[in-house]
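This report concerns only the one structure given below.
Chain IDs A, B, C, D, E, F, G and H follow the sequence of writing; residue 1 opens each chain.
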Amino acid sequence: MADIKIDKDRCKGCCLCVAECPRGNIRMAELLNDAGQPYAEIVDTDNCTGCALCCQMCPDLAIAIGPKKPAPDKAPGSV
Amino acid sequence: MSDAETVMSGQETKIVIAGFGGQGVVVAGNIIARACVIEGRNVTGMISYGAEMRGGTANATVVISEGEIASPVVETPDMAIIMNQPSLDKFEPVIAGGGLLILNTSLVDRRPHRDDLRAVQIAASQIAHELGNVRVANIVALGAFIRKTKLLRPASVEQAIADLFASKKAALVELNIRALNEGMARLVEAS
Amino acid sequence: MKILLKGNEVMCEAAIQAGCRFFAGYPITPQNEVPEYMSHRMPAVGGAFVQAESEIAAINMLFGASAAGARCMTSSSSPGISLKQEGISYITAAELPCVIANMQRGGPGLGNIRASQADYWQAVKGGGHGDYRLIVLGPSTLPELYTLTMNAFDYADHYRNPVLILGDGILGQMAEPVELTPYAPVVDLPEKDFVLDGCAGRKPRVIKTLYLRPALELVHRNELLQAKYDKISSELSLFEEIETADAELIVAAYGITARIAKGAVRTARRNGLKVGMIRPITLWPFPEEPFMRAARTAEKFLVVEMSNGQFIEDVKLATACRRPVEFLGKGGGWYPTPEAIFEKISTMCEKSLAD
Amino acid sequence: MEFERPTTLLETRTHYCPGCGHGIVHRLVAEVIDELGIRERTIGTAPVGCAVLLYDYFNCDIIECAHGRPPAVATGLKRVLPDRIVFTYQGDGDLAAIGTSETIHTANRGENITAIFVNNAVYGMTGGQMAPTTLLGQSTTTSPDGRGLNHEGPPLKVCELLASLDGVTYLERVAVSTAKDTIKARKAIRKAFVNQIEGKGYSLVEVLSMCPTDWKLSPQQGVDFVNHQMKKVFPLGVYKDRS
Amino acid sequence: MKILLKGNEVMCEAAIQAGCRFFAGYPITPQNEVPEYMSHRMPAVGGAFVQAESEIAAINMLFGASAAGARCMTSSSSPGISLKQEGISYITAAELPCVIANMQRGGPGLGNIRASQADYWQAVKGGGHGDYRLIVLGPSTLPELYTLTMNAFDYADHYRNPVLILGDGILGQMAEPVELTPYAPVVDLPEKDFVLDGCAGRKPRVIKTLYLRPALELVHRNELLQAKYDKISSELSLFEEIETADAELIVAAYGITARIAKGAVRTARRNGLKVGMIRPITLWPFPEEPFMRAARTAEKFLVVEMSNGQFIEDVKLATACRRPVEFLGKGGGWYPTPEAIFEKISTMCEKSLAD
Amino acid sequence: MEFERPTTLLETRTHYCPGCGHGIVHRLVAEVIDELGIRERTIGTAPVGCAVLLYDYFNCDIIECAHGRPPAVATGLKRVLPDRIVFTYQGDGDLAAIGTSETIHTANRGENITAIFVNNAVYGMTGGQMAPTTLLGQSTTTSPDGRGLNHEGPPLKVCELLASLDGVTYLERVAVSTAKDTIKARKAIRKAFVNQIEGKGYSLVEVLSMCPTDWKLSPQQGVDFVNHQMKKVFPLGVYKDRS
Amino acid sequence: MADIKIDKDRCKGCCLCVAECPRGNIRMAELLNDAGQPYAEIVDTDNCTGCALCCQMCPDLAIAIGPKKPAPDKAPGSV
Amino acid sequence: MSDAETVMSGQETKIVIAGFGGQGVVVAGNIIARACVIEGRNVTGMISYGAEMRGGTANATVVISEGEIASPVVETPDMAIIMNQPSLDKFEPVIAGGGLLILNTSLVDRRPHRDDLRAVQIAASQIAHELGNVRVANIVALGAFIRKTKLLRPASVEQAIADLFASKKAALVELNIRALNEGMARLVEAS
């Protein structure tokens, strides 16, 4: 699970992220955004690996992934 | 002021059709101008490609006159076909007093602020969607426009549509003519 | 039958009707419809269309095509026309006929893509080097654009001189019904005895613009060119006059601005103001005669142009500075409305009464 | 993995069409500038083309040049300020048509600059005319029946052309039509900037990019066009590396 | 100490003295000594010399060099200057200071390599597109060329505007003793707050000439430019007047032609003819004041120029066409002798007596 | 063996300096035109450069072009008159500096013309400035300390550059600095004209040629310079042949 | 022996022919021609093979070789 | 008319030096002009590169004056140093009446046709050859010129030569000064 967000007003609805997500985790919303364009949305945040392939493809930098929360089960300094 | 009066009030009638790129505003303007040619009237048309490049709104303007047309550039339209909200925001302030608005209520979510304008509503995108192709919303709005203004004969407009799509499929002509008729039928006078 | 076309298309169709069979150009807004139209129509009529790699290549392709005997044309808009200046100087020096269109846009620099008339000096005085003249035509409506474009090819051939069509973004982009009348030459067309097509059955020909020996050969060459320009000046002077006879105020404007100004002049007359208008159609040669005549009878002049003041100098010179000339104009994509012009006219007329 | 907007890119929404490759290329360039920490000593040149508004998006000094002349402008900048980082960002019309001469001579002089060349096989800004890089058979508004070998000639391959110049340091062709390509493209762009920082001379990265609007395709079809048509004609890879 | 140098070299040395540290150019006769001189002097003073691949590249290199804050220069002759017109329009639109020299040769076309003044219109009216103005200087001797070249850099920086030195083949090729006085600025030099050198410690800067939004932004931009041009016009007007006070005939000439005409005017005075002369040094802004003054007192004017008549229009406008203006001039590499000018003066004076 | 003046060459004495290669190249082109019997349907383009007076020497139609633009002019001529034979004759400044863009695009469009490119590593006509093809270390009036890799870049190799263009039919580099070379040069020029007659597209022959005057060498030293210096940097041979 | 001739007024004295002749059969004359330039001359016509190498090299087409006279000792038709 | 008169007759003295390219006419003109600068006189110099490009004749002109110089261009020279036959053919017709010719008899094989000109002969090329370098023929002729005209002080000319060749070898300066003196010594007044 990753801290992924799509900025709907930045999205221009090109769908390139949709095709790129290996987990089929992005779809187009039913509505239009304020600019009158369709926009993408994450289907399920929990299903997102944070691979950022969608971000790599988005021409409008509409997708951001926040910093990984330190995995609680790993003690600092381990490995 | 009656509709007919509007037409005659100035020597020239200035029309703007505005919307998103892709909403076919240029095609609508083209059809109006062609219908004028068919009716033997003086007309000029123009696409205002001014400030916008990619993205943003597009608009087409048409000037119709019984005499010589001075400027093809329209700064204060008498009539506007407004296909979306940003276009209403942009054009409402510049419409001539007593001017007419045809509003595509599918994408325009407010009524005009000015009280010296008349408005007609048509759910153009919605109706187009019902007709099976959202891209004919422009023609639906055009239907409402000619029904309201009586500026052009429906037959000329149909002819213009037929000419314009002559090189394309016959089905397209038919679809557009259906859209035109729907528009004429389903306009709603704004209160 | 009238058909509805954009100005850029009207110009293309006129060129093709007039027998233009070579077009080279490079895209630039607001004249992109020109190469686009030519790219399909030119091959259809058996001519050649070349999308050049630059405006410079395009004008130099015309140099070749014209030398080969073809009626030929290029088109661009302001920055692109600036790039053609060296080529224009050469082609004029070599006396090769061709037609060049400038659908002016806002400048200077990249500017914008609105209409403008700020390349007037470049067109009529010469943006290139040396003493040369282009025949410059300023159409005001699309029907006129259609006719003048056809005529342009005739003037070019008749005088062996490039003709520049000085349009603007509005003229190129607007649509208007036009009757596509068939082409008929308006001047006689001398046999092209300069054409380079291989010297079979004749002596080899040379087209050149270098004149080194004897030392004053180029001076002589310039004298010949000047004599030709004098001849053109004495023969070619096109203009439209509107109610100038009793006018106290004369509006001077050309191209699309004149079309707009005409509306204002009509309104002024309807309002009882004694206003007339002179619209030069040939911008070079500048039609001096109607201005000189008007300078005798009218009290003042108003120049309207879509620039910060270029055309106005020719109006002053043509009227020998005899009458005050006021100015309404701006550069950078400004255009006047009939209302604004009418207002200016009214103010000027009131002032006259007050005087 | 974290994914944030680079600071070199302003917040402004771009004017590009949906699915246009310019947005991706902008991000990559901005990320590299961020990563190398050179934003405050970088000067970019904006072309005439859809990317003309570069300065509305990039958070660094930018100069907008006449169509085709960015290499000459960059030469002037760099000769006066040799320790600043100068990059050009150019379309195929700008770089490979009207600016051919400037490109070749700037490259051959080995000017120590970085050129980002966005090849979308069409004149985007002016509405879809044929570009030097338009594919054979591709129809555009000025090649309505498809570009033909006979009259228009084959597409111009810029990397292949420049590769013969002894003055050039680094040439690579990349794409932004898949996420993987994009990641590779970033590496190439990074290298082209690092070369300049290290004083190694002229580097150019050609980026195959989408122009769905003027190709009259949907964004997805645009990506497919790059992947299935353009890459065949313009093979990706390093064309020169003397760095 | 005076030293003997060719005009082209004098100009270069003045530029270097004035702190010019970037030069880009392409060879063309009669100014080849300029890039040649710069190719060794520029590196010697720590500047950059680039032999550009073309005149277009050269002017655009200046665009960059000026943006980077350097005093910079390019030089060419007529055909090469025509090629720079787009660049000149851009650089003026962007308000980037720089100095451009045109050592005019015979035209149009390739022409020849003798001296000429037939690029006057191109220089003062604008060979490029849009409403813009260059400050144009017309030096007449090599000492003046030296001084004006140094001043040119100052005017350019002061007004953020390109300055064009309008020379000719004679001025470039002739040698004359010149005192290489040290450089001292003649106007104050504002800090260059437009320079692009990386945005460390400040906001990023943009240099651009495209103004799209709002629609009239470019019109506004033009208004600002025009305001600047008005300011320059009101502040900068250089000319030389010779015995105009009681003159019945005024000779108007600039550059090398004025130098030659001066000889004729001196001879005329020695012969008792009441002849004076006005020599504009700034060709734009055109020094109207002395002409207006002279138009009140003198009877007629004689314009001498090495062209078929360009400068003459500005003389007519400056005198508001009040007095007859006769003309002595030809294009294509013709130049007048003091004798020929004197003869013309005599004829005109005789005619006056006869009247 | 018989050796007579070709009829395509007029009797006029040339204005070229003693030992200048242009005279030899003129003869070769004229001989080929004679041999192919095409004089009466040939149109030549004169460059701006020492060969500007081509029309004083060639007995066929000639058009003098603006500096660097002969390829564009030739394109115009040939498109209008496809059955005439059109050749350009250009120097290195003309073809490889100011005319770079025209050369590359005309070549890549595959215009069916013949280009004769006289490379003498210097601007002859204007008195010896650095050309794009000036050798490293060669001093000229604008590279007084010798062309340097750092500021001027290495010499531009036109055949190598054009070889990457898919539109080009035939490229060969020859010389006129020995009698043997001259005989080979004639063959190459012949082929370049035959290609055009057969409609095969763009052919260019680069001729290494002497400019003793601007090299500040005697004619004999000029020949040596070509043989010992230029040929090393510009290897002779066929660079492309799709004919 | 060949019918070789150097047109002295066309010659510009570049000497390229001199160096090229395999038989050392060309030299520079002592005098200047009408154009004030030194010129080349054939040392011995009989010694010339008519190989035309000199002609190949002459930038000024100053050297011409006339048609070979049919060798009298060879009967027409033989080899 | 005495020589001094010639100099004073007009305000300006106009000199042309003409010969083949390579005969050093430009250098000779340069030396005259530099000598003028040394003497603090007004001078302009110019190379007429007009009609000729490659090949043909070259010439340099110098104007010397006690007042301001109007035109640096010389159309009717008062004095001419003629280094070869074609230059005599070219310039004889345009020399001012009463003008002076310095003729390099080594390469000029006729006397002037006009009888209103004065001529001085010097076998400049021959003398230069004797001095070991035919390229100093220009300086030999220059020697004859200054001896005849007294327009310049020999010391200034020597200084000018020294300045001009300063960057070159000392031997070159010496050779040129010898050439100058030979020229001054060996001129022959034409009958």
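One rule holds in what follows: contacts are C-beta pairs under 8 Å (C-beta built on N, C-alpha and C of every residue); 3 or more make two chains touch, one makes a residue touch a chain.
This is a predicted model, so every value here is computed, not measured.
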Completion exercise
Neighbours of chain H that also touch chain A are none
Practice task
Averaging each chain's C-alpha atoms to get its centre, pick out the one most distant from chain E.
Solution key: A
Fill in the blank from the handout: chain E to chain G, mean C-alpha position gap in Å, rounds to 57
Practice task
For chain C and chain E, let me know how many angstrom lie between their CA-based centres, rounded off.
Solution key: 28
Fill in the blank from the handout: Whole-angstrom distance, CA centroid of chain A to CA centroid of chain E, is 61
Completion exercise
Residues of chain H that touch at least two other chains are 50, 53
Exercise for the section: Mind pulling the residue numbers of chain D that touch at least two other chains? Expected result: 16-17, 20, 52, 64, 66, 97-98, 100-101, 104-105, 125, 132, 151-152
Handout entry: Residues of chain F defined as touching chain D within the complex
Key = 97-101, 104-105, 108-110, 132, 149-157, 160-161, 163-167
Completion exercise
Note: in the complex, chain E contacts chain H through residues 2-4, 29-30, 112-114, 170, 173-177, 256, 259-264, 266, 335, 337-338
Completion exercise
Interface with chain D, chain A side, in the complex: residues 2, 9-10, 12-16, 19-20, 37, 50-61, 63-68
Completion exercise
Within the complex, chain C is touched by chain B residues 30, 33-34, 36-37, 42-47, 49-50, 68-73, 75
Handout entry: Contact set on chain C toward chain E in their complex
Key = 56, 78-83, 85-86, 89-90, 92-94, 104, 106-112, 114, 116, 118-119, 121-122, 125-132, 208-212, 215-223, 225-226, 307-310, 313, 316-317, 320-322, 330-334
